[in-house]
Amino acid sequence: MATTNFGMVGLGRMGANIVRRLALHNITSAVYDVSPDAVKTLAAEGAIGATDMANLASQLSTPRTIWIMVPAAVTDSTIASLAEHLSPGDTVIDGGNSYYKNDLKNAEFLKAKGINFVDVGTSGGVYGLERGYSLMIGGDDAAVKSLDPIFKALCPGVESAERTPGRTGEPAQAEYGYLHCGPVGSGHFVKMIHNGIEYGMMAAFAEGLAIFEAADEMTPAYDLDIPAITEVWRRGSVVASWLLDLTAQALVESTELKEYSTEVSDSGEGRWTVQAAIEAGIPAHVLSASLYARFASRNNDEFANRVLSAMRFKFGGHNEKPQAK
Amino acid sequence: MATTNFGMVGLGRMGANIVRRLALHNITSAVYDVSPDAVKTLAAEGAIGATDMANLASQLSTPRTIWIMVPAAVTDSTIASLAEHLSPGDTVIDGGNSYYKNDLKNAEFLKAKGINFVDVGTSGGVYGLERGYSLMIGGDDAAVKSLDPIFKALCPGVESAERTPGRTGEPAQAEYGYLHCGPVGSGHFVKMIHNGIEYGMMAAFAEGLAIFEAADEMTPAYDLDIPAITEVWRRGSVVASWLLDLTAQALVESTELKEYSTEVSDSGEGRWTVQAAIEAGIPAHVLSASLYARFASRNNDEFANRVLSAMRFKFGGHNEKPQAK
Amino acid sequence: MATTNFGMVGLGRMGANIVRRLALHNITSAVYDVSPDAVKTLAAEGAIGATDMANLASQLSTPRTIWIMVPAAVTDSTIASLAEHLSPGDTVIDGGNSYYKNDLKNAEFLKAKGINFVDVGTSGGVYGLERGYSLMIGGDDAAVKSLDPIFKALCPGVESAERTPGRTGEPAQAEYGYLHCGPVGSGHFVKMIHNGIEYGMMAAFAEGLAIFEAADEMTPAYDLDIPAITEVWRRGSVVASWLLDLTAQALVESTELKEYSTEVSDSGEGRWTVQAAIEAGIPAHVLSASLYARFASRNNDEFANRVLSAMRFKFGGHNEKPQAK
Amino acid sequence: MATTNFGMVGLGRMGANIVRRLALHNITSAVYDVSPDAVKTLAAEGAIGATDMANLASQLSTPRTIWIMVPAAVTDSTIASLAEHLSPGDTVIDGGNSYYKNDLKNAEFLKAKGINFVDVGTSGGVYGLERGYSLMIGGDDAAVKSLDPIFKALCPGVESAERTPGRTGEPAQAEYGYLHCGPVGSGHFVKMIHNGIEYGMMAAFAEGLAIFEAADEMTPAYDLDIPAITEVWRRGSVVASWLLDLTAQALVESTELKEYSTEVSDSGEGRWTVQAAIEAGIPAHVLSASLYARFASRNNDEFANRVLSAMRFKFGGHNEKPQAK
């Protein structure tokens, strides 16, 4: 049986694919998940299955590296449980979407046990297995440096984009697609802002395309082919982007997007980004608006709207009825 | 039968109450509306009923003053029809919520016939009859000046508010509650911005109260008495305002505002205000956002939200389902 | 010498005027401030001066009530110092602009010593002495109830506004201008949102008036009398409000407001309001935008703007130079 | 001398490079500009120089195609002058950033003379010569179809991007990088919204990077390498985009972007996009906010800020002084 010092806790879409991408680069993982089926699946693909955290730790050579890829809500408890089975010199990676200020607590907790903590913001979604992951890393220099083979296996690699004009010589770390951003928490901080920007970009496209969708009732009226428009922008236009690629793809399959929900979730990063902007005193109109539009998509604006209708009724006698666009 | 040179075309809530307030100040109106019943009602209260515009004009002594209070959509055609029955020296007042740039066309059309045009932005809603109307007036000096008795009868009067510190001597026109703002269109321009500001103030209250409504699920949780909060702010607080008075009143009658619609209409002024801001190059984040929130209240954000869900599905495999707040 | 159980710590504009308003209602205060001059001034007006907190406590009969009115940054340390000199059954009021979540810590700290904690959000500014203060109160029922004479002396009183239609019988507490909002923290929570709404209302006026200021370069051009416009809106219009009264007053004294800064400060409440909105999942476009506009007023948008200029140069060869409006 | 039926009026950066890209595809242009030097430059590269519009028309075989690439302000007058020298069956292309509603007037004017009008929104900026242009085209079917060789020469071509999954068979027109969007005006309409989206995307990046720039004063403080962060996002992240590529490039050359202006221009499209959103009743928080941030960057928010400072002084006695972030 293969020996390895790398373990993965949490075998959801992201965790499982990270294990798979590492395997493609000849790095074997020992794996654990609360779902035995998830463990079985990965074991069938060549990973070393573990029955619990103790079992996971016992199957890893030291110093161990354990990547945790679990929902933010259980990150702290997972780290606490895991730490019981680790030894000084081991490293815990939190690769999930954790709040950066929380990283400091976990790092301190582990440090007291001689265990390193590294936070890794991981972008790439379901395409990461194939395209590689964009990795934003926080932690002490030595700990991060020792993980270089892991990060290099996961990242997209230099050749995945044309070189930026002005960059010369040996490619910098960032040009591989991973970056040691700074001390503990900085990886998640950078990932957080990344997602905030993502929200803003998504909202920009959504608003623009929505105007197209309404254009058949404007003056002059245009009956526009939105799938074709998103396709044409993919080549040579200023808005060319991966988000546009995905949008064009969704629209080929579903011209009117009818099967997609009008209620849009938001995750921690969008909210934390706005909080960070406020702490920094930086105007963040766009990032906030894109977050709020998601709140409103889930009808969280209902009471506010009733207040408006009540005011209108009181000062103007306006009886609110649904009206056309 | 009383003689008068003042006529009113359009006997909706606003037009009818203006006639009534003028009557309280011993100014008789001849009145016309497309609804004979509306004419009958006012005639029963002492106004001179007219069967059509020709009949209206024939019952007025010259120079005539005719106040038009009709929906924006029919203002131009009403003015065109009316003008056929008027004489040089007469004055047409457009008291409705017309677009100020349109006033210039109507003024030019009438000027060719020797007829004056005066635009009056009229604020006060259903309370105007009792409280008086805030009047924002545009037009030539002479024409506006000749209407002074009308405006003085309609306005709330000096005593309706405490005098602004720093103002001394004879009260200025504005202190009565009416103002000749400038040439043709300026009355509607000022009223337009007034309504834009109104949108922003309303939204500020609506957003804040909505946070209260959600506070029972926050940490710490507070089960707040929103009717009492709006009441307490009415005395001594910085947000004291007529809109707050009306909100407090609505909440006394309906603690949760359940009978008020979650779909909020918008009228021309809110939209024109944003367009004016853009023409002027003035940032208008708040005025725009309050307009857009109304658009979203009517679900005009649905396609945009589907676009967001489609992107999320494509990059993250997120299957959007309705989720809790 | 008069005896009293009421003390005030912090004799800035707000603290000093609260002492004065209480004196008008025959409630004597013992007073302390880090500035001996501030103490002297109040003592000359009839308050009991104290040389330090121990001295303050010693001059009060028990159970003591001590109102703290100090900058948020020193609230915790002031409470900690003060508590050393208090006895079980005493009550500490934090009347400053504290973060509501922080109230819970101070309340717990004092409770361990048998001391009550009451938080009071206080609105009214420099006019409070004369107009009375709008008081939003959080704390245990018994503690708050025992302070009723204090609150009744400070509040504006029932007669300071017309009664809200629909309210009948004995005036409710809120109609006096003070309100026990709920448990500890709720007073500051309600005051926080109050200030958030205030930001939004202020921004609505600021944006609208700025369009007026630019109107002389629009088409058609209007040279508007902004002082007169704000005055005319004070009577009968929908935007009538105390903020409008103050704006009209400022404009009488200074038509172009040239001596007022273009850099606008923000305090904790505006920021906390947005954070609360995010925690609650409530869209707060207007409240956020009004906060961000203040950030931008202080040029915190400079790096963002350089990023935009850099992009524009890169894709379009646009060399950014200052340009006219 | 080569004969051609293709002429270009306006030899700025865009016009000149279109001529050059056509030449690379063996399409010769006759060229005219108000600057004789601009004509000389292109003539030296192989184009047919013209001394005025009559001379331009006379050197073209019929039916002529003339592409106008001039500032929006002179488009109408250019078309009027040019039309005097054209014949029925000729086609005028407006490739500039014109307002789509204006296209209808020009199309009608030309139609009366038997001349076709085609509007082409052109994206690609200074990189278009090399990368090709994204072309959004409006006009009658026959007129647009006849220009296919021109558009095919200018567009980036199918191979310039990976094929969108789900698209099969013969590449659609949009996959080449040009699209006949609909009748007259639709090309400029689509380009307008494209630019609106571009504004939003740019602002999303600008806001996010500005938070990074301020992160060294937050808690915890991070001293981030913004050039490296933008570089790392280029590979595998969700925000990968051409705008990010350009930003990363600018930051390599200028880490702090100090030589770029803090004042950001805006052009017609951003403003028209917001107006279209309002006409359509579509919430456009992000697109509007990104426009307003540019207004504020040029200090168009000064009067609004003075209004805020005046209010704060009046209710709170706050004397505004510049304050730290």
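A few remarks follow.
Per-chain numbering from 1; labels A, B, C and D assigned in written order.
Heads up, the rule we're going with is that contacts are C-beta pairs under 8 Å (C-beta built on N, C-alpha and C of every residue); 3 or more make two chains touch, one makes a residue touch a chain.
Listed by chain with UniProt protein names: A, B, C, D = 6-phosphogluconate dehydrogenase.
Values in this document were obtained by computation on a predicted structure and should not be read as measured data.
Interface comparison, B-D against A-D: more C-beta pairs in contact at A-D.
Distance from chain C peaks, on a Cα-centroid basis, for D. Between chain A and chain B, the centres computed from C-alpha atoms are 47 Å apart.
Averaged C-alpha coordinates give centres for chain B and chain D that are 39 Å from one another. As a whole-number value, the distance joining the C-alpha centres of chain A and chain D reads 32 Å. Among all residues of chain A, those that touch two or more other chains are 125, 203, 205, 207, 210, 214, 238, 242-243, 249, 279, 281-285, 289, 292-293, 296, 298, 300-301, 304, 315, 325. By the touch criterion given at the top, residues 100-101, 104, 123-125, 128, 131-136, 155-157, 160-162, 164-167, 172-179, 181-183, 185-186, 189-190, 193-201, 203-205, 207-208, 210-212, 214-215, 217-220, 222-225, 228-229, 231-245, 248-249, 252-253, 273, 276-277, 279-287, 289-290, 292-293, 325 of chain B touch chain C in their complex.
Here chain B touches chain D in the complex through residues 238, 271, 274-275, 278-279, 281-285, 288-289, 291-293, 295-296, 298, 300-301, 304, 315, going by the rule given at the top.
Of all residues in chain A, only 13, 125-127, 202-203, 205-207, 209-210, 213-214, 242-243, 246-247, 249-251, 254, 257-258, 260-265, 285, 289, 293-294, 296-318, 320-323, 325 touch chain B in the complex they form.
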